[in-house]
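Presented sequentially are two complexes of chain A, the first with chain B as partner and the second with chain C.
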Partner chain A sequence: MIVEIRGLTVRYGPEGSGVRAVDHVSLDVDEGILYGIVGESGSGKSTIAMAMMGLLPHGASVEGGSISIDGFEVTGRKESQLASFRGRTASLVFQGAMNNLNPLMRIEDQVAETLLLHRMCGRKEALERARRSLELVGLGKQVWRLYPHELSGGMKQRAMIAAAVVAEPRVLIADEPTTALDVITQVQIVNLLRQLREKLGMTVILISHDFPLVSEASDRICILYGGKVCEVGSNSHIVRKPLHPYTAGLLNSVVSLRERREIMTIPGEPVDLSRPPKGCRFMPRCGSAMEKCSLYAYDSYSPEPGRLVYCEMYSGPDGNTEA
Partner chain B sequence: MGWAGYLLKRVAFAAVSIFAIVTFDFFLFRLMPGNPIQILYRSPALSPAQITSLKSQFGLNLPLYQQYLLFIRNSFTGNFGISINYLQPVSQVLFPAILNSLVLLIPANILAILLGVFAGRYAAWKRGGAADGIITGSSMALFSIPTFWLGGILILVAIFTGTLPVSGMYTLGAAYPSPLARFSDLLSHLILPLITLTLVLFGQYAVIMRNSLIDVLSEDYIIFARSKGARDAYVMRKHAMPNASLPMISIIAVNLGNTFAGAILTEVVFSWPGIGYLIYESILARDYPVLQAAFLIVAIAIVAANVCADLLYSLIDPRVRYS
Partner chain C sequence: MEILKLENLEKHFEVHSRSRVRRNLIRAVDGVSLAIPEGEIHSIVGESGSGKTTLGRMVAGLLEPTSGSVVLGGVDMFRSGRGEIRNLRKSIQIIFQDPYASLNPRFTVRQILEEPLRLNRLPVQEGDLLDTLRQVGLTPPEDFTGRYPHELSGGQRQRVAIARAMIVRPRFIVADEPVSMLDASMRGSFLQLILSLRKRDGITMMMITHDISIAHYVSDRISIFYRGKVVEQGRADDVVLNPAHPYTRALIESVPSFSRGDSEGSRHPEVPSDVPDPATGCMFRNRCPKAMVACEAVPGATEIAPAHFVSCHLYGGTGVK
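After this line comes the complex of A and B, so read on.
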């Protein structure tokens, strides 16, 4: 297990009041896989990514739980310890067609910076390794000495990936890496992440609202809703046979160009995290809601091997509680 | 177009600006009530022979367009005529005043920029904290306080404590045993106007530096730099400050030009014989030749400061260089 998250709870705002954007989330990621996290805005997926990097914004704090990445406990660390962890043990790539690179620095220098920050080598070697890394992500030498404003959105995203992987981290966290890019570029970026995982032996955590894109690339998928995990399973399991009603709803609402079928949406509004409903958070929108759902305490059930689902429908005698 | 082209364009633009200013300067004084000849006649100290020679020197009997061409030629050769008030060639009145102004303006601007950058940077670093509140609050106050009021208060304090001279550049009628004694007399006269001007400029610089830094610190590339393993001090030095300095450069350039004329208040309050004080005296005496020349010099200083800012800008920001 290269990433172990246990009962992670992140609060925005002051203690007592405030909003729990991530509420007792537990995840396990096996080494070397591409792990997809799917959730709509407000599901807490970016907060999990930032918490994993120890980069939560001002006003957000880890209220409880633990995050272990390659044996390094991220929560409760001093800034200096986090700095030597970031970029070397775990790296981050995020959305940002506009401003994810410093407009005043050359591309190759921004990639080499990661190595220099960790004093992994001298300037000359850092530049060489940066250029190799840029080539690895498909950016040839005509791009190396350019500035960010001279690059397209897709090229900038590749450059960002090059800077994130140049120090060969164990884990690459990609938070919405394809958002704001055109569809062809989206697929290219996702394919690049898969290739890098194989070439560099990294574990990749791909976080997106785009369910089809995540399922295109991932080995395992975790579905988030309202700061809680809905279900976790292998890619094929989740897509072919979703267990959680929310997952099923998400799959039905995917638009397909090939097959003509009616698009179904999930009725109701996303959960208001400042006033979450009692019990299951999805219950107000759920077609299969039962009375006991309002008493649901988010026990996890495992109706099939290798799968976890957080839903009262599976609390019958077959479902073994794992809690 | 490359850098050379960019520079050429800026310099050409500045040349056009200066030409427009000369033109405006010429017509401004022709449009005023009365005309230069009348003003000259009214000055009792001039003999008719002098008036005739002046009229032919400035071609005041020629058609307007010929006068204009003459004015341009005289402007470029530094021949601004004779001061009505001082009965000396304008250049002999103007250039000592410019030197006196520079004695005050250069240290005041350097101090204000250094203190403003330092304080603004510190406030942005500790944003939301007590230090930020104190720095931002006092900067806003200094920014808003009228110069004459601040100068007046300082004069009151100096008179009550009897410590510092409050007027002029040197003690009147003083005989100095050595150049060093003369210099220390100058320094003691410089202190109060220097403090006044520095404080007035400082507030604006501190506020703009702080706000610009806070804007930059929320940019994606700052988060990305941190995710690569950069510590806070490094992020500040290498990523935030260069980007936040861009608006500072523009403001400093505008201010440098403006303080040249805008030190009028400080110079008048402390009777500092600089160009601002000269403008003030010349307005009272309707000394049009001096005013005309002073306006031109001030305008050229503003244009020159802006050209310098453009050059500096292009050194830092590649987006300006190539577009």
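After this line comes the complex of A and C, so read on.
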């Protein structure tokens, strides 16, 4: 297990008020896999990613839980202790970051910057490694000395990935890396992430609200709703036989190009984090809700090997509670 | 009868780049002709930067074309008298791409909905206002009328933007990426709303989207946009099930789907993304797996099946320019 998150709880704003954007989230990621995290806007995906890097924005705090990456405990660390962890153990491609490239800096210099910032090597070696990294993501010589505005969206995203992997991290987290790109380029970025996993044995965590896209890329998938995990399982399990009613609703509401059918919708509104319902956060929209759902203590059940679901439907005699 | 007719519509922007002395001309919309019959939903599908919003703004009368014409309900948007154009404005509404930017933050939902009525000198009727909110799923409507945009979620804002367009009961709506901010389940409700409005009011709509699955779901016809030009146009089923242009094919081939979930190995679309645009001829040719010498000329449109048009030399499109 290269990533182990236990009971992670993150709050924005002061204690007692503010919102719990991530609430008792636990995740286990095996080394060398492509792990997808799916959730709608506001479900806490970026917050989890930033917490994993020890990079939560000002005003956010880890209220509880632990995050261990390659044996390194991230929570409660000082900045100085995180410096050697970032980039080498884990690296994050931030959501929307491709629009924040420095317009005055050549691409190769921006990629080398990561190494220089962490004082990992000298200037000359940094540039060499930057170029190797750019080549790895499919950006050849003719691109190295260009400026960001001379690159297409897809090329910029590749450059961001090159910068993230230049120090050869064990874990790469990509937060919505395809959102602003057209579908043709999306496929190419996803293929690149798979190649990084296959060629370098890197563990890749792909975060997106695009469920079909994540399902094309991932080995395992975690579904988030309102800051909580709904279920975790292998890609094919989740897609073929969803356990959580929310996952099933999501699958039904995707507009598919290949089969023209009625789209079903999940009734109701997304959860308001400042006033979350008691008990299961999905309960107000759930067709299978029962009385005990408003009381439930957010337990996980494992009705099938290799799967985990946080839903009281599985609390019967067959579902065995995991601690 | 067609309600909207675009003829050879063009919008070019001149941009001066700081680092280069050279002036660049961006052909954001480059010779678009299309007609939308009354009661039809026509989708414009294209990648980011292909000129969709620019087209939509011209159709809504908000941006003057470089050349060509927009004729709506028989009236030329940019060449008719003021009175005629003012009347026209009543019958057309636009739902803007970004509900964060397009709703006045100092207005309550009620004020936002009253504004287009006032602009069009229509009476404000309380019942209508509440009904419109109900139709877009903001229920109970009384809970929403007093709220400001920052008190709404992204999806709720998008619904207010939709309600604002609907309240004047337009005959024609331009919807620019109306569902981009909605999560998967709300997106479905919006699409159903559109279809029911069309049934009830016979509304005509030009929907702009980068998502071909959504276009296929709601529209009668689809135009595929590439670098400011329509490269393929036809009935939604024809374009999606029998795509002809290599770009349309690549687009459809690339749409992710669950059914391919655990197929091992990655997909390799034949179309690279990281190549520069050519200066002349077919704008897609540097990425096109089927490019040939003929592609150095701009292809004209060929009708390959009834009402299914493709601008590609593979189909005998004769070169112009």
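Note that the second predicted complex is superposed on the first by the 318 of 323 C-alpha atoms of A that agree within 3 Å, B and C clash if a C-alpha of one lies under 4 Å from a C-alpha of the other, contacts with A are read in each partner's own complex, and residues count from 1 in each chain.
Just so we're on the same page, a residue touches a chain if its C-beta (ideal position, glycine included) is under 8 Å from a C-beta of that chain, and two chains touch if they have at least 3 such contacts.
Remember, it's a predicted structure, so these values are computed and weren't measured experimentally.
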| item | value |
| --- | --- |
| First, second, both or neither for A:T114, with chain B first and chain C second | first |
| Touched partner set for A:M160, first chain B, second chain C, both or neither | first |
| A:L55 touches, of chain B and chain C: first, second, both or neither? | first |
| First (chain B), second (chain C), both or neither touched by A:R86 | first |
| Touching partner for A:Q188 - first (chain B), second (chain C), both, neither | second |
| Chain B versus chain C as contact partner of A:S215, first or second or both or neither | second |
| Partner with the higher number of touched chain A residues, chain C or chain B | C |
| Touching partner for A:N99 - first (chain B), second (chain C), both, neither | first |
| Touched partner set for A:L206, first chain B, second chain C, both or neither | neither |
| Shared contact residues on chain A - chain B and chain C | 147, 149 |
| Touching residues (chain side chain C, partner chain A) in the complex | 17, 19, 47-48, 153-156, 181, 183-189, 191-192, 210-214, 216-217, 240, 250-252, 254-262, 266-269, 271-274 |
| Chain B partner contacts - residues on chain A that touch it in the complex | 53, 55, 58, 79-80, 83-88, 91-92, 94, 96, 98-104, 113-114, 117-118, 147, 149-150, 160, 163-164, 167 |
| Residues of chain A defined as touching chain C within the complex | 40-42, 138-139, 143, 147, 149, 152-155, 158, 180-188, 190-191, 194-195, 209-213, 215-216, 235-236, 239, 249-251, 253-258, 260, 263-267, 269-270, 272 |
| Touch list for chain B against partner chain A, complex | 128, 219-221, 223-232, 234, 239, 242-243, 316-319, 322 |
